[in-house]
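Chain IDs A, B, C, D, E and F follow the sequence of writing; residue 1 opens each chain.
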């Protein structure tokens, strides 16, 4: 009669071995410059997930139809950034080597770096599709290179020009936009225009999909470290996620920057849960 | 010099006998599965209503021009669901038998069931127009049939096929959507497309209009028990309400699922107040 | 490297069979008359428990030294009070029959009733020690007998006069205080005076210990359904708990009425966690 | 079956003519220097009062036993301080002239000034007992004399030396404390020591009792405009209120400075409600 | 190594003499009728401004490129409305006479009145472009003429017919809309249609631009005194601001009605910061 | 007429050269294990300090009488713990070498370590008086030695046995208490008993005074990273601070662990402000 004390995202309680996709959390916010709290993101997503259904009427699919393992959260040390990143990298690698798709729940956006490192080792031709409010292309932030504000720049150092495709960017300093305009990345500001064309271009290429949830408008998603006015709506983001899942060969993915202490009314975590469900189902439709 | 301690929605202080429309509150949230608090909805609407005007610039009408009685809240027992529903049914019946339009303020969505029962007795040919994020068509919820998640299914058991017209639905389990697609109800997902056609179809038929406020996007309306990302905007909902008021013969109505404890910044209650004002004025324009 | 997704109170992850004490949650708040939300209490206690230590410097004991199983939460139906109570009774009985001590986490205070029923069947000579702000001795509340405001009255109907010992009571209606003064229960208002004497009197008798956390001052414990000014301090409550654990033969216990939506600053859940740890360790010292 | 929409403090619904005591609210916070919001105080007290009982176990009295009229709130203009104060003065006078005891609910502390003016006209030998965290003895505040920080100074200008008895004061500027030490008022800092002696001294004298609720510790009463660490506990304040009610001839009274927007967890309004109940009952015991 | 304790909006730390534009705050909310708190607006904008960049990707300009002085806040008396307004008028005049553009940060909307007075003395042919949810054209509000609800009416008394251009108005009483329709102001309800035409009409005329931030939808901007459902989006407002800055000869401007105590999740202050940055940069592009 | 944009703690605007005491902030929370946010502490203390007076009635002293410089906050990198600690150490050293008393505002408690390092270089015979809820004596925390949970252990490694005097400790793991009992530090649990004796023992010795504000009860001080039930009251803490200031030769001091995002009702920051004022004034009385 008792529930087990197991605590998954919805019904994603498949054992690792039987799963196609492995969720795991990286409760890390050690380089957040404005409002910390993203460390509480993965657990909030699990706790609140029972407030939505496991079924998507848009996709006419249910999480019960697919095989996802929610592996829980990594135990990350506080105050030791390199050690935390190493743990994320090792975990991503383990999942990739088992032939499964890793889906990382941040935490702040810097968690993308080690996951990309692991994926690039497995898939040397890796490309990145990046949804975000912020360009994240700084060379350093207050002298620190391993910062959430620099994460795509660090990824670019690994992958090089022409590999990173940024969408809906609406904030950054002048240098970041110059860097993109110089051709190091392809950047679409404000919205998702051109996504179809990019997806055609990436046909057959392995793709890492990283979604910083602050791409959403702060009205829809206040619970984040650096809210930036003027973002996209939830249906716009969901539509873009469907496009990526249908049109790209996604080999790893992440969703980052939910910060529950700033989640007024608890609407941000519900948006994150629904987006995660749609991403899982949409990826499955095209595997 | 003292205000009386009377506490109405805006200036809706007409005595019952002189009113065309009778507002009353059903402070009930006994079957809410996720976040309770809708019990505080009707009183919050009254308390905060003085933050808006009694005049609608869209309709160029003022509540002072029409005759509404705010009858206050029912005294409902906590923990005895059938007794609470009976009290709502009796009150609705009393208003209908006096030849007035009952406008019920929830409370959770289950309060619609007894009001529909009373209205269906008075108007055997009753039809329902239903705005909501959720289909509410479950057979039961965790073994309980009298649940907010089942309320339209219970209504269907009373009215039968072809009587229920659902709009802007964006959540439910697979069975609920199958039930609708099987023709038991007419369901429009995500938005209000087809509302005009439905209204033409319902010409001359008595209509119960039920509006679960979580049909609004959680950005606009965070203060609700089960926020579901991706809802309609306030102007979209207001427009649809104007259409219903103009195009249907509404004999009873409700507005449900405002949950003040989750109303970040107090914006949800203000949206509910404005929608209620517009509904009252729009219904009056066409009586 | 991954945490399991198991989610216990601190390190209370012993299997049922190896445990002396079994924690379980009853996420029920269906009869709460003022502010609902106690349904979220047990899960909040688990989630936040890692903010405290497993070691008590006062008792010089650690939860790692003792054998507690956290069995998780019961799956309770919303809106069907008798069914929920039956599930709690059955679970309590199962634990008692396995020779273990059940420790129930509410939920609202009505959850005590089915646990007392189960315990009284096992121990016909059962006595109750009751810490609370409220007398909970009403005959009914708005016509409903199965209400959190009546729970000790219902227990009295089972056990009879001279079995219930109430402490720190500071609220109730006139009839409740008359009922106690008439000798049906022994009631100490405001504080814990006389607890030692009561414990001597109960020597050798089986005791059910129920602690409604609103006995604490609202400053210390704002996160509760019915805060009542003028309560006891945390050290006063902890001291009384040590006395009960040392001086009574506790056969079952509960901690109730944490309501996380009203827990400003998250201090109430931390107080609940610490009290639960101290209760578990103190009971063990004397088993 | 419907509740009337009347909205009183608990059961204080006696008509003016049959009442001994008349409650009324002055929703005014126009001179608050730090955190405004006290305007919402009186309505919050009414709305939340049903969360406590009408019976006091300490006094063994019930509000149903006594005759209190809750007259509602004054309609005060925003931004016109003198007009607001005039309205309060007129209302207080009307109640006094009807031979009833006015009990004013603030609003900020400046509302005391017009009530004292009215009372001093009726009772030229008026004395004041003042409970507060702040001395409120400034000559002016940022050049403004009609300020909550100056209210007792303004009262002193009306009544003169030896008439004002201040207790539990723990904040002010150097000049305010010098003013008190110079003998213009009798001031007890930090606590209520000497209250008995003062009450003996005031035997037979008419007393205005003013209680700024920020005299309570901010832990107990966070919902106030100027929280000041280190205040008294609720039982200490209640005890002092019982002493005043029993030992002084109170002819008018007020309770001020509840600011609901800062009331974390809703505990401040509950403390205000309970104190108001105890004050009403205690005053009645000795009329 | 220490930061200075200087606290500006972003990098707007130019000395007065070297600046083209002078920001200053008027922390005044003395006539707010519903929810006070706008007094905290200017300081919140400064404190939180480091959460956004100084660079605008839309305008490709950086605040470091232009010369803005943030002069801090005026010291305004609480409870003396005329004195507060005089101080704002004098400060605006000083900036205008120094040949600089004053940019006033409210505070409530009444602060616009003294700034318009000062600007109209300097520019007798002054016109006003007004973005707001509310018409603010009342003759008086509860008998008070110096009220935020009357501010544009007071401005009209100074400037006369044909000088005030209102956009996106969605609330007011019947008289206010009649007043506008009678030709005293030109009012566009709900949105910014016709702004281009107005700007052509105002070619060469000095313009005071006043932006009440509650023109934004409450979802985007909950932190305001009188949230009104159904407002414009941030991109819509930013676009209109760009149009005004490019098409009008703005001689003074203000941004008002941010109320931080109601800013759920801190998103309103971030929106205000971004809008202020865009306004400063856009005005500079066309100076 | 404008305020300067300087933003100090109250009136502590003396230039460095003329000051006896130099306040500075270390907005660092990079190793916080539970709830981050202490980075916002120093700025919150400055922003809200105008809610209290500069005068202490207990000490009969005013900050205007003494010479304190508020030097603002250090610019600390996010995500680089050693660099942040180095900056704090350098700043502390600079102040000490100028012959002034450094008073550091955290930030989390780890900021004490670099300040102690600097002070121990200047005063090799340095002793520490430590007020805290937590022992902070761990060897490491999740493998990290530079953690707020280990800070006193790190200090002990610098100073050795017999130099650290801990008071009011009520939490830690078993090893930490064993470490203290083994004589490495002198630890008083729960309260300040024995403080006088310790102060006599430290006569003539240089003392670093570190106060983790979570020593206060969470009711009084909810705004902290790791609230622990059962702490001391504000008057108890203030009294102990007066004793330390009067009885010890304090050469440097800090106040840490205010975390504004969790400061319900804003009472924690006000308590921190008042304690800081009392500490500054009390230290000055005895310099």
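Here is the rule we go by: a residue touches a chain if its C-beta (ideal position, glycine included) is under 8 Å from a C-beta of that chain, and two chains touch if they have at least 3 such contacts.
The model shown is predicted, which means the values in this text are computed figures rather than measured ones.
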Neighbours of chain F that also touch chain C are A, D
What are the mutual neighbours of chain A and chain C in this structure? B, F
Over half of interface residue numbers shared between chain C and chain D means same, under half means different, so which is it? different
Among the chains here, which has the CA centroid at the largest distance from chain C's centroid? E
Chain A to chain F: how many Å between their CA centres? 39
Averaged-CA centre spacing for the pair chain F and chain B, given as whole angstrom: 55
Which residues of chain A are in contact with two or more other chains? 35, 75, 217, 219-220, 222, 262, 264-265
Here the pairs of chains that touch are A-B, A-C, A-E, A-F, B-C, B-D, B-E, C-D, C-F, D-E, D-F, E-F
Listed in rising order, the residues of chain E that touch chain F in the complex are 1-8, 13, 24, 43, 46-47, 70-75, 87, 90-91, 94
Under the stated contact criterion, what part of chain C meets chain D in this complex? 34-35, 169-174, 177, 189, 217-220, 222-223, 226-230, 262-265
Interface with chain E, chain B side, in the complex: residues 50-55, 57, 60, 62, 217, 219-220, 222, 233-235, 238, 264-267, 270-271, 274-275
In their shared complex, at which residues does chain E touch chain D? 29-33, 35-37, 39, 75-81, 83, 110, 141-144, 146-147, 261-262
